[in-house]
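Each structure below is given as structure tokens.
In the two assemblies presented below, chain A is common to both, partnered first by chain B and then by chain C.
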Partner chain A sequence: MEIKRTIKYEADRVPGFGRDVMSVPGCEALEHCIQCGTCSGVCPLSIYMDYTPRQVMELVRSDFKNEVLQSHTIWLCASCYACTTECPRQIRITDIMYELKQRAIKEEVYPKRFPIPVLAEEFTKMVHDYGRISETWLVTKMYLRTNPMAALGMAGLGMNLMKTGRFSLKQDKIEHREELAKIMEAVDHENGKAKA
Partner chain B sequence: MSAKKEELRIGFYVCHCGHNIAAMVDCAVVARYVETLPGVALSRDYKYMCSDPGQELIQQDIREHRLNRVVVASCSPLLHEHTFRGAVEAGGLNPFYFHMVNIREHDSWVHTDRGEATEKAKALARAAIQRVAHHKALEIKKVEIHPDVLVVGGGIAGIHAAMTLANAGKKVYLVEREPSIGGHMAKFDKTFPTLDCAACILTPKMSEVGSHPNITLWTYSEVTKVDGFVGNYTVQVKRKARYVNEDLCTGCQDCISHCVFKEPKFADDFNEGLGKRKPIFIPFPQATPQAVLIDPEVCLNFKRNKNPDGSPVVGDKCKKTCVEACGEKHAIDFTQKDTLQEVKVGSIIVCTGFKTYDAGRSPAYGYGNYKNVYTALEVERLVNASGPTGGEVILREGKNADGSPKTPKSIGIIHCVGSRDKKTNLWCSRVCCMYSMKLAHLLREHTGAEMYNFYIDMRTPGKGYEEFYNKLLEEGTHFIRGRVGEVTDWAMTPEEEGRLVIRVEDTLAGVVRRIPVDMVVLATGLEPQADAGEVRRLFNMSCGGDGWFLERHPKLAPVSTFTDGVFLAGCCQGPKDIPDTVAQAGAAAAEALVLIDKGYIEQEPNTAHILEDECSGCKSCIPLCPYTAILFDEGRKKAYINEALCKGCGTCVGSCPSASIVQNLFDDQEIFSEIEGVLAYD
Partner chain C sequence: MKYAYFPGCSLKGTGRAYEESLLPVMKHLGVELQELDDWNCCGATAYMAVDEGKACAAAARNLAIAEKSGLQQILAPCSACYLVLNKTQHYLHEYPAMRQTVSRALATVGLRCDGSSAVRHPLDVLINDIGLEAVKQKITRPLKGLKVAPYYGCQIVRPYATFDDQSNPTTMDRLLETLGATVIKWPLKTKCCGGSLTGTLPEAGLRLSYILLKEAIKRGADVIATVCPLCQFNLDAYHPKIAAKWEPVPIPTVYFSQLMGLAFGLPADQVVLNRGMVPMKPLAAAMA
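Here is the complex of A and B:
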């Protein structure tokens, strides 16, 4: 039996983290949280989480940045919005989860081979480059980066889908991608300013 | 104009109010500044003007310095205008030669820059100095108080208020909408935390009300119109037809047993629809008055169509076995109609109570969808010995192994249903924690079931309440801190099959749990009555954003309203338990007694009057007056104001096209010079 230190010291906190998250539009209501646990009670995935959504809310508010950004919870969130719908204080919990995911990616503390952040990354990249999503490539890329063996195992299914014309290797694209690039550049520039 | 003739000698006082004003306003500077203004004979700053020495200072100065006007710059007139007017009067001046400036709430408390706050105080003081020069001597009018009292609502609040007044020898009209008094308390089984039987402590009070010589009890009646003002209200009450003469009915209930309906068939409101009643019924055994009534919607002797006046058409289809059974008493009267009665009273106590939150508005808890989900009020009737099951807790759905109606083996009580939720009601309903624990105790006592209580926070601030919580903990009730996510019949394990599953985060253990139970009880919160808005307008009261009737001051005038002579008691003012309700009802009765025993009230002379020579008789003011105080003299073609009815709102003054209406304390000269005073300051 391994015995670990579980106590949290003040030094474990990153003062200002909670306020910083709550200053993001959509995340303000977190300060009204009464820790009732409705979010965890309705969350279909809370049974797999290391911290329940309610615990994540409290950890954010108490500035435990590292614990939150490294937790599985934010990556298990399936964005069903049940917590946001049911919260008696109208806290937009799903949106806060997104905010935490973004921060985890930015700080590169997310689980690198976990499908959800990879999927998010590939998804945005594809929109960025082509203005359109090709599900075939998106799923393929996700599998290759997270679990190549599983991708191999699905080769048979892929072949069958290809035969029936449901699996195309052609990347969907929009026209005038140079205009999209301009838009994206502006967005990235604004984002960079906002985050800086 | 006569004020102008004598030399103006204004005394000005600026109050430090400890640090409240002095910390943000340089009072000495203000005093020195005001001293330089025309007409000011004397200007002082003082630590506490409202103190006895402060008031004596004013009196002494009036005598020694022959002051004929006084201005005090301090707190809000709501707080101390009365005090200073008294001091001015004691000094030998007419109290209306006084004016008050608010430099606390309007200045020191709301500003952060001392220099600017001091400048603002100077400007406000200057305005008051200019205004007070035009003040006139006014007389306070006395209005007599009618000694009778109207109590609206016959729950425990109304019962207690009515009894208190009646025992003091005052005449009370108690009006109740339902066929019996008793209110919600009559439906309860036991009361927390002492667990004494609600009926045992309430019904003696109910029958006392019914037989008290000083109480006129009108049940099945509603107030439809209120006219007048403090001391002199005229109230119209609609007495709904019960088709039984209350005075002749003895409450023997032979009619009920002889009704052509052999079995009770219609949903019984008193039992929250869990039981059945006949078309002729008495709401519950101890109902007061002990008189039956007929529901014309289901009685066979009434047709389904209505007369032009809205009353049901009497038919002749039924054998009228009830009338036969009533025999010589002749209490049943199918031709009865709604009647209107008018009474005169001096004060009114509003105790119209609350309604419980509609649990169907929280679909995640399955009320109305799963039959074995109950509201707390339903469970009150279920555990009650005089309830629809005789106190046996049997479920709406399911059978025991032997085929008998199912009794629950485990029960979950969900707290805060409809409370503490921005989507429904944000307030804490105050009584649910305690009644949920009471029901946990009673249900366990009745069924031996495993009890689970799901709470957000346990709120037990009352005498003996925390001790009751402790008792429940000792009994082995499971308290799970977490607001329930959902109640579902979707089973994930064999033990969950055929049961209701409560999904919740046990926030103290830090895990999400699924707890299968046989019965779910929803601790629904308290809400304002559905027609609270109309009642509020009827009695000219205010209500807060949440819909509860508003007391005049949350701490210092908790049973008064903004309408003189109208008082509040019980849950119509906000959720509260029985001890608080009774205490408040006693307080409201005492407030009414103050009015009655004093016999008169003094009215602020801020009334309006019409300058007869200038009135063109256009009548535009008449329909605007909210107090119907303006009348028209057809002979002289002039409007005139009944000063006893005028409340000084100023609506007519502003609307008069010929500027021929003048309001005391707010005439044009006073107001314009005050405005000039504020604006003239450099």
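Here is the complex of A and C:
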């Protein structure tokens, strides 16, 4: 039996984290959270989360950086925006979840073989390389990096897609890939400059 | 009426039945669609999770191409594309820093985006530009006796509902009734289908789709009508997995545009019911 402390120490905080998140466009209103729990109530996935959305809001505001960035919660958010729509304080909870996902990827604290962030990364890479998504290749790449054996369980689905003419191995691409690459590079440049 | 058309990746892939049915329906209604030249992926929900600045810039390239084309209205049928393009417009208007970053990035390739175009959903265009009266005039085979569960999903009304209510949208209900169908009471119309979690975390994702299918059958629906390629995929293609995990809930899920094509009497290769995996029997019976 593993005994774990369930109450957090104040020393676990990373002072300034909450302020920093709340300074990001779209995340400002977090300051006004009244901890009513409407977000957790309407969230279709909160029953699977280690911290409910309401708890994540308070953890962020109270500087518990490590807890939120390592939580499953941020990856379980399916971006249905139910919480954002229902929040009585107009907090854009979905956008805060996006901000936390970006930070978890940047700091490399997400579970490496967890399919959700892996899918996000492979998706992004494919947009960079080709400008468009080809679903078959995207899913294949995700399985190869997370659980190659599980791909076998997808054979039936592939067959059905073939039967209905919805399966394609063609990697769709845009014509001006260099244009998109240049735009992306310029964003990196701008952001680097902004931080310097 | 002429619109710039942003298909998105899914409508060229697993969601091709959406494009294959929507284009003839729009043409039948006298709407001209011009596909955006060399459009790129909108970024969907995945890109925002990795890099917001780049996600906005990639989406804004499409907005810039639309502005260059001179067409003020962009038709985006896919829910994710519709949301992301709208979100980008909002960010460009609301956040000067983001606008500056994106404008400078676009300028490196001679593109410009002043955020002047409107991103529209087909339901919005059908109700507000074309009008249900014009739709009614094209009906040759009313969908009499067909009971439909209207499924809007998340991202066309949330968070930027511009043409419908966020928790109880009714545009598709009204459209389906105009087609002669019976719209069933369906409190799950904006509940999440699980999105990409059906693939990444089946335990959670598939259950959400299962609940939708089960409740549609329980409420007497013959068919579910959707507006989103991911919703259609989850409710249709994952049915065998859902049946194995819980119980068979075989109800077909089609795009609203396929039902329009049926009611307009368009040929089978423009209604493309053959693209569905769950048998379309209830639909065929209702049409006989």
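The working rule: the second predicted complex is superposed on the first by the 178 of 196 C-alpha atoms of A that agree within 3 Å, B and C clash if a C-alpha of one lies under 4 Å from a C-alpha of the other, contacts with A are read in each partner's own complex, and residues count from 1 in each chain.
Keep this in mind: contacts are C-beta pairs under 8 Å (C-beta built on N, C-alpha and C of every residue); 3 or more make two chains touch, one makes a residue touch a chain.
This structure is a prediction, so every number in the text was calculated from the model and none was measured.
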{"item": "Combined model on chain A where chain B meets chain C, clash or fit", "value": "fit"}
{"item": "Touched partner set for A:I34, first chain B, second chain C, both or neither", "value": "first"}
{"item": "First (chain B), second (chain C), both or neither touched by A:I174", "value": "second"}
{"item": "Which partner reaches more residues of chain A (counting touched residues only), chain B or chain C", "value": "C"}
{"item": "First (chain B), second (chain C), both or neither touched by A:S46", "value": "first"}
{"item": "Shortest CA-CA distance in Å separating chain B from chain C in the superposed model", "value": "7"}
{"item": "Residues of chain A at both interfaces, chain B in one complex, chain C in the other", "value": "82"}
{"item": "Complex contacts: residues of chain C adjacent to chain A", "value": "9-10, 12-17, 38-41, 43-54, 57-58, 61, 91, 94-95, 97-98, 100-102, 104-106, 108-109, 111, 154-155, 158-159, 166-167, 190-192, 194-197, 199-201, 203-205, 208, 237-238, 240-241, 274-277"}
{"item": "Of chain A, residues touching chain C in the complex", "value": "25-26, 44-45, 48, 76, 78-82, 84-85, 92, 94, 98-99, 101-102, 105, 115-117, 119-121, 123-124, 126-127, 131-136, 139, 142, 156-157, 160-161, 163-168, 172, 174-176, 179-180, 182-188, 190-191, 194"}
{"item": "Chain A-facing residues of chain B, complex", "value": "364, 416, 420-423, 456-457, 481-486, 503-507, 510-512"}
{"item": "Residue numbers on chain A that touch chain B, as the complex places them", "value": "34-43, 46-47, 52, 54-55, 82, 86, 88-90"}
